[in-house]
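Order of writing sets the labels: A, B, C, D, E and F. Residues in every chain begin at 1.
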Amino acid sequence: MYSITVREHIMIAHSLRGAVFGPAQQLHGATYVVDVEFRRSTLDSDGIVVDISRATAVLRDVLGGLNYRNLDDESALKGQNTTTEFLARFIFDRLIAALSRGELGPGSSAIESIRVTLHESHVASASFDGRI
Amino acid sequence: MYSITVREHIMIAHSLRGAVFGPAQQLHGATYVVDVEFRRSTLDSDGIVVDISRATAVLRDVLGGLNYRNLDDESALKGQNTTTEFLARFIFDRLIAALSRGELGPGSSAIESIRVTLHESHVASASFDGRI
Amino acid sequence: MYSITVREHIMIAHSLRGAVFGPAQQLHGATYVVDVEFRRSTLDSDGIVVDISRATAVLRDVLGGLNYRNLDDESALKGQNTTTEFLARFIFDRLIAALSRGELGPGSSAIESIRVTLHESHVASASFDGRI
Amino acid sequence: MYSITVREHIMIAHSLRGAVFGPAQQLHGATYVVDVEFRRSTLDSDGIVVDISRATAVLRDVLGGLNYRNLDDESALKGQNTTTEFLARFIFDRLIAALSRGELGPGSSAIESIRVTLHESHVASASFDGRI
Amino acid sequence: MYSITVREHIMIAHSLRGAVFGPAQQLHGATYVVDVEFRRSTLDSDGIVVDISRATAVLRDVLGGLNYRNLDDESALKGQNTTTEFLARFIFDRLIAALSRGELGPGSSAIESIRVTLHESHVASASFDGRI
Amino acid sequence: MYSITVREHIMIAHSLRGAVFGPAQQLHGATYVVDVEFRRSTLDSDGIVVDISRATAVLRDVLGGLNYRNLDDESALKGQNTTTEFLARFIFDRLIAALSRGELGPGSSAIESIRVTLHESHVASASFDGRI
C-alpha cells in the first residue's frame, strides 16, 4: 500500500459537555496540528498517490470552515460534543465529500482509505481511519 | 476506526544477554518515550475513545513499576531479556490487565486494540500492537 | 553558562484586538506547548541548575491559572491583548515572582536568566528571555 | 504484532516529469529522512524483531546507492519518475532483496511486512507498506 | 527580549566545491526547513514583535527565489559555495533588505536582531544570527 | 554569528546522590540525544563553520567513552554526581580538548563558542554553553 501524508493546523475555541471532561467543560481552545494520510494500492500514471498541492488545498479548505472559530457557535456542529476524536471524523467525512466531488483530481478515485490525525499537544492526539 | 494516543516516559537501567547486542550487553540504560494508542470502532456517549485522564493515569501506574529501576534486579522481569520489543509487549499486557479490571472506566470495554510504542532515541523505536 | 529546560502545555480560548490579527480577532483558541529554560553560571552543591521537580511544579502552578480558560474573561488579563509574545512575558513574570518567594528551592537565587517559549503550532512560536 | 523502526537520511537531486508537479519539474532536490519499520508476530530467541545494527547497516547500504546523487542520471532509475512514493517502494524492494539474501541475519525470515516512510519536509511524507 | 519564530521550507539542488565536502561535491539536493526568529526589546502597540502573516509572506518571498532550483545555475549565487551556513546568511541578508524596504510593516523598524536556522536533516542544521 | 549543530545519542546507566533526586537516587538510566552547536563570526575558505564530518566523528569519539556504560563505575567520573548538567559540561570540556588537539581540522581554531545540549526525554533537557 502506498500513502502520502500532508500537514496543516487550526486554532479553535470550544467547550466539552460531560463530567468526564473536568476543567475542559469550560470554554477553552486548542491548536490542532492535522495530518492526513491518503492510501491506495497502485500509483497513478504520474507515479503519485494524489496531487499533493490539491490535497493540501482541499485540506485547507475543509479546515478553513473551523479555523479561528468558537466551535460552540458553529451551526454545522450544533449539539455535538466536539472532542478531538469527533473532529477527526468530521474532517474525514468532509475530505470524502471533496473526493467524491472530484476536488482531489483525476485518478483520485483510486484512493482506498484516509487517516486523519489531530495532534492537540506534545502528549496527546486522536485519529479517525476509514475506508472510502 | 477511532483512536487516541497518550505519551509518557520512563528512565531505566538494564543489560541485555546475547552476542547480537554487542556493547549493550554491559549495564547501561535508556529513556523510553512511550506512546499508547487505544482504538475502537465507535465512540462512547461522551464522544470519546477513552477518558484521556484515566488512560494517562493507568499508563503512569503501569510505567511506575519500571521507572527509575535497574530492570536486571526486578523480580517481575526475572530471566527476561528486556529488549525494547519485550518491554512494549510487557506494557501492553499490563494495560490489558488494567482494562479488564475496569480501570479505564465505563465503556472502555469497547476498546478493540492497543498499540504501545517505545522511542529509545531519535533514530529507533519498537512497538507491540495487538487485539484485546 | 548552564541551563535546564522543562516542558508543559496549556489549552486556552481568547480573541485578539487589532486589524493586524485578521480572523484571530474572532474568539478562537490555542494549545501552547511551553518550554522554560533556567540559566546560571555555576551548578549548586547537588550539581544541578534547579530541582527539576520543583521547576516543573512551579511551572504547572503558573500555567494552572490560565489552563482551560477563556483569557478574555480573566480579571488578571483585563484589557490586555493576550498575544503569544505577551503570554510568554506574563509567564516569565510569574516565574520570577515564584522564584523570589523561594518556591524553586534553596540555591535557586543563583538563577540569572529565564527564557519562556510558547509553541503555538508546528510553524510558529514566541519567546520572552530576560535577566532576573 | 511486534515491530522496530530505524531512521536514516539521504540528500538527492532530481526533477519530476508531468504538469502536476509544477515547479518541481525543474531540477531541484530533497532531504529524505527515511523510517523503516520491520514487523513480525513473534520475537526471535534473543527477544528481538531483527538485529537493529544489521537493519541499520542494510538500510545505509540501500540508501548509499542514492545518497548525494542526481537521480535523473542514475541508470537504475532510468525512465522513472522518482516521486517520493516511488522511492519508498524502490527502497522497500531493495530491503526485501537484502532480506532474501540473508543480510538481515538468522531468524529474519520471520519478518512479515515492512513499511518505508520518506519524510521530505516538516509537512509532507510518503510511504510504501507491504507484505514479504 | 521578545521574539517570534516562523517556519517554512525549500527544496533545492546544488553541488559543493572543496575536498572537505566528499560526496557532496556531486550534484545532490536538500530540503531546508527554515526557522526565522525576529527579536526586539519591546512589543508594538498591538502587543506583537512583528505581524506574523507579513513575516511569513516575506520569508516565502525570499525563499521563492531559491525554491525548486538548482543553485549551481542561479546567477545571484554565481561563484558561491552554497553551504548551509552560507544560505543562512544569504536569507538573513534578504530579510534585512525586505525589512529596510518596510515590507514587514509599521513598527518593524524596532526589530533588533534576526536568527535564520536551516535544518537540513534530523541530525544537522546551520544558523546565522545577527544584529540589524 | 554563524553556527552549525550536529546530533548524536548515548544510552547510559547511573545513579544520583542527594535527596533532591528522589527515585533517581536508585540505579536507573537514560538516553541522551546530544546536540552540539559550534559558533564563529566568519566562515572559513570553504564557506563552513567546521567540517561537519569531523565534528560528528569527534562527537562520536567523545560520547564513545560514555556510551553503554554504568557511569557509577567509570573512573573518569569518580566521585561526580553525573547530572545532565554535569554531563553537558563534561562533553563540552572534551570537545574543547579535541579542538585544541586540532582534531576538528584546519581553521577550526576560529570557533569561538560551543553549546552542548542533552535531551533526556520529550520534556526535559540540559545545556552547557561556553566560550573557548
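The working rule: contacts are C-beta pairs under 8 Å (C-beta built on N, C-alpha and C of every residue); 3 or more make two chains touch, one makes a residue touch a chain.
Keep in mind that this is a model prediction, so the values were computed, not measured.
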Label of the chain whose CA centroid is most distant from the centroid of chain F: A
Size of the rotation, in steps of 5 degrees, that lays the CA trace of chain D over chain F: 180
Numbering shared by both copies at the chain D-chain A contact, with half separating same from different: different
Distance from chain C to chain B - Cα centre to Cα centre, in angstrom: 31
For chain B paired with chain E, centre-to-centre distance based on mean C-alpha positions, whole Å: 41
Distance between the centres, which are taken as Cα means, of chain E and chain C, whole angstrom: 27
Residues of chain D touching at least two other chains: 7, 122-123
Sites on chain A touched by chain B in the complex: 18, 20-22, 80-86, 88-89, 122-130
Chain A-facing residues of chain B, complex: 1-8, 37, 43, 46-49, 51-53, 105
Chain B to chain F touching residues, read off their complex: 7, 9, 11-14, 23-24, 26-33, 67-70, 120-123
